[in-house]
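Written below as structure tokens is the structure these notes are about.
Chain IDs A, B, C, D and E follow the sequence of writing; residue 1 opens each chain.
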Amino acid sequence: MNNFLRNGKGMLLAYDQGFEHGPSADFNDKNIDPNHILDIAVKGEFTGLVLHKGIAEKYYNGKVPLIVKLNGKTNLPRGEPLSTQICSVEQAISLGARGVGYTIYLGSAHESVMLQEFGEIQEDAHEEGLPAIAWIYPRGEAVKNDTAPEIVAYAARAGLEIGADAVKIKYTGAPDTFQWAVKAAGATKVFMSGGPKAQTDETFFSQVKGAMDAGATGLAVGRNVWQHQEPLKMASALKEIIFSGGAIQKALQLVVAQ
Amino acid sequence: MNNFLRNGKGMLLAYDQGFEHGPSADFNDKNIDPNHILDIAVKGEFTGLVLHKGIAEKYYNGKVPLIVKLNGKTNLPRGEPLSTQICSVEQAISLGARGVGYTIYLGSAHESVMLQEFGEIQEDAHEEGLPAIAWIYPRGEAVKNDTAPEIVAYAARAGLEIGADAVKIKYTGAPDTFQWAVKAAGATKVFMSGGPKAQTDETFFSQVKGAMDAGATGLAVGRNVWQHQEPLKMASALKEIIFSGGAIQKALQLVVAQ
Amino acid sequence: MNNFLRNGKGMLLAYDQGFEHGPSADFNDKNIDPNHILDIAVKGEFTGLVLHKGIAEKYYNGKVPLIVKLNGKTNLPRGEPLSTQICSVEQAISLGARGVGYTIYLGSAHESVMLQEFGEIQEDAHEEGLPAIAWIYPRGEAVKNDTAPEIVAYAARAGLEIGADAVKIKYTGAPDTFQWAVKAAGATKVFMSGGPKAQTDETFFSQVKGAMDAGATGLAVGRNVWQHQEPLKMASALKEIIFSGGAIQKALQLVVAQ
Amino acid sequence: MNNFLRNGKGMLLAYDQGFEHGPSADFNDKNIDPNHILDIAVKGEFTGLVLHKGIAEKYYNGKVPLIVKLNGKTNLPRGEPLSTQICSVEQAISLGARGVGYTIYLGSAHESVMLQEFGEIQEDAHEEGLPAIAWIYPRGEAVKNDTAPEIVAYAARAGLEIGADAVKIKYTGAPDTFQWAVKAAGATKVFMSGGPKAQTDETFFSQVKGAMDAGATGLAVGRNVWQHQEPLKMASALKEIIFSGGAIQKALQLVVAQ
Amino acid sequence: MNNFLRNGKGMLLAYDQGFEHGPSADFNDKNIDPNHILDIAVKGEFTGLVLHKGIAEKYYNGKVPLIVKLNGKTNLPRGEPLSTQICSVEQAISLGARGVGYTIYLGSAHESVMLQEFGEIQEDAHEEGLPAIAWIYPRGEAVKNDTAPEIVAYAARAGLEIGADAVKIKYTGAPDTFQWAVKAAGATKVFMSGGPKAQTDETFFSQVKGAMDAGATGLAVGRNVWQHQEPLKMASALKEIIFSGGAIQKALQLVVAQ
């Protein structure tokens, strides 16, 4: 994962929402444009950028280390979630990727399909010297609460067991329960999933701070940055928390700074 | 996609309806004959022709750039739509194709099968230097209205994310909503899907004009041309709108011209 | 298809019923023996013989051009029909085949499986220089009447679209409706499917005559020949209609001739 | 099949019941031991021995020609029967097999899976010069009576059509109906399936005699030999019927002989 | 299996529970750490260590012979159990494995998937000179009691039939019934599955003693060791029973020894 870390910490900009949620759910006239996001990634000094292969192929400029998400789905179909591979490790490398990502809906009736695909991807990626990063989201009828501490810890641990170099998991709501998830992940690095735009900056910063205090390696964030009125200030604030261990108040000041 | 563009715009003649809808639904004694369609494609100066492999193999004459549709289904089976691959990229090339097409029923319970197949096709096609064109039709029980603006925009965006060089999507009904879909598609070129024969020429021209004004690259049309009493005049009228940015009235005049 | 034609017409002897229907449904002590059928094929001057791989391997004598059926099923399972590949194109060639056959149950919930398998077979066969022949039978819950003109025409057209060199389809009941199916098939040659033994020879001859008059290339027949009391006379009568364009009355005379 | 015949007849010892039925259903302290069975196979002068790969690998001594069963299942799962491949033709050969076996549950909703796997196995086996033997058992909800004459004949015929060199089928209950099955099998050799231990030796001998009189090539037997108090005498008695055409009475004498 | 035996007996430390049950179900602050477990494995003189590929890759130190579990699942999804392959034999070898493990849920509606995967793994492993070890757990709606003697014996026998070099099965509750399972396994070595932490040490020791007396080769244990207050004393006690044939009382003394 060193490709995506600065002093052992990382801040990844995720931009797969156009496929996973649809453009109308998350985008406005500005952030619908991939170039706008790439710009934020560069100027915001993100340590990694997460794209599906199509956007990588047509927009990626090589300035921020690239993670290509190898699977994806829309949010249209009903039933148990299934996201299958749409890009090979080899193609990701040809697009400039220095890491690959894959989403596993743990608990889905189709869990075994995704675990098996990730198994092959992990082997391929390691043979090529790339880290394999797992987005592990417990979901499906069997999962009642996907931020319950034991469910998040399960996601983290599953990532370690299946050989993920890093996992992206949801925040549990409190540092002490998230710490257990970090512990469960062991040598697998933990990135907190940014999720939908928080109601206030303070709320979001306290989550990120909580995750970092609990031992997370970093944050994978999308909407909380590029849906923000001031994405670059938001990036500065997050860097303060993630890389400098700064306080929430300091981060808040950076957001409102002129 | 430059293989299929003239001054950056394109007009594709689609002729896969015999498989997708059956010959009795769409054809008469004349247009049931592939040679008749090929003739229209040449004389109507279309920039591309869309065929399944069987017709390509037995009729294609090399005069208009060819897109081979790599998957297909009949409209007979009930249940969630699934269209699987029946032609390889390699075979398409051997038939003279300069681009390949594939239909994805976004939102179908079988969405993942089609996304995965397209993923491999896209990789193969790009390795061979061919564009991969996605017919993206949201369909299935989960899709209530397949021309709703947010659904059409989702189709367009999915095309970009999965690496389609062009998408064929339905018209939303108005230029401003279609513009959002074009924006969502980003660097992926947008072709409006012609659909079933419009009630009047004016209706159809206003859709095409709306799509072009909204930023579409062109039109993929079948029935509105070859079911028309005057296919070549219809082609002239459409060229006026697509390539010359002409007005609807001008197009209407070309259709009735002697 | 020239391997299986004489002066542009063909008469194929089909003998896959032991697998498709079971021996007790169709056979008697005589026609249960493949050697008896091979004898009829030779003496009756058929232009092709259709066998599954097992009978081809153990009985075929090289005297009549061979089509190996590459898929098959029994009539025992309930539910939507599915017939999967049991013989490769390569194995068929090693058994002496000069053409390959495959059955597609159009409209079945498993339609896509068969379309996909045929797609690969068609590509393989053409690479090897062999024609690919599709038995296209619309069937399954979605198909109410499998001899309805528009359904038969759909079968014919699907054959053309997916690259079949010939299709075997059911008779529609009248020359004018069958003519539409032949037209739909375009450059794909149409063979009328003989089906179960007709109540009278005259009935069957009028069907064959109707199909030939409608433009069919020929007939693929089994039970109406080898369940007949006089298979060789039946063959002579059919040759009269198929190759010489003879009248039904003339054919009837040949059957009763000493 | 000559690998497994003596003067054109065969007597195969089957020992796959530990997997197919479980050890507690069929075994006692003696016959649970594969060495005991191998001993019977040698001393009883069986012409072939049928084992799954595990027992072949750990026990087979090369003394009796070996058939490795390539698929298997337990009798635990409910629903339509499905038995999939667990050993390749190549591995079977490496274990010393001179023939391969495969079970097809004809009529099962999963029939197509097994027909397809057997298709590939048959091709592989013939390329390697080995016979492919099909255990064909009609089973599943669609099959009301698996020893009905027309069902047994269907099994036999299916074996011929798919290229089996021999089929193992159940006895129909009478020589005349079994004769029809043998006829249906044509050039494919028919082995009667021994089945569960018969109530009396006489009952079993009359079945075997009936099958042989009907033209069977031999018997594949397990429980009726190794569950018998005197397996070797039982083997002698069966040899009398199978290889010498002896009468039931003579066989009965051999069983009780000191 | 000699890689994992000492004087013909074996004691394997299993640590796949973080994936199979989740970290919160089985772990505390200490045993959540793989290094802690590796330490126990070394100091406790275990003859083998069982890990999933992720932990093997990031923690394994080469000190205790390694078995990599090649499949896995979480306990989240409902329905019939299915655990599919997430690591290849080749990758396991590259991680230092000297044996591979695979879980089969015998009786599950997906039994055939796992039997087939194990079939290929077993062939691969033996080609590479590695033992293939099967965790055989009868489970699913069809299995009422997974420790019933005939069910455990079925698991053992299935292991032998499919070529497992060792099986891990549950204890039946009594030595005489477990002896039958050991007999059913024949040349396949039997390891008793430790299962959840027993209520008292005596209970657990009497199970292990019972299994060893019944002919087991050893024990695969996890929670009863590393959830114990004194894991190393527990290991000493188990070694006494397994390798020295010691009495339960002696084992109990070793646990409480200072």
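Simple rule for what comes next: a residue touches a chain if its C-beta (ideal position, glycine included) is under 8 Å from a C-beta of that chain, and two chains touch if they have at least 3 such contacts.
Remember, it's a predicted structure, so these values are computed and weren't measured experimentally.
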item	value
Partner chains that chain A and chain C have in common	B
Required steps from chain B to chain D (each step between touching chains, minimum)	2
Computed distance of Cα centres, chain B from chain A, in Å	35
Shared-contact residues (touching 2 or more other chains) in chain E	none
Starting from chain A, with chain E taken as the next chain, the full ring order	A, E, D, C, B
Sites on chain C touched by chain D in the complex	16, 18-19, 22-25, 27, 29, 32-34, 52-55, 57-59, 72-74, 76-79, 82-88, 91
Chain D contact footprint on chain E (complex, rising order)	106-109, 111-113, 115-116, 118-120, 122-123, 126, 138, 140-143, 149-150, 153-154, 156-164, 180, 183-184, 186-188
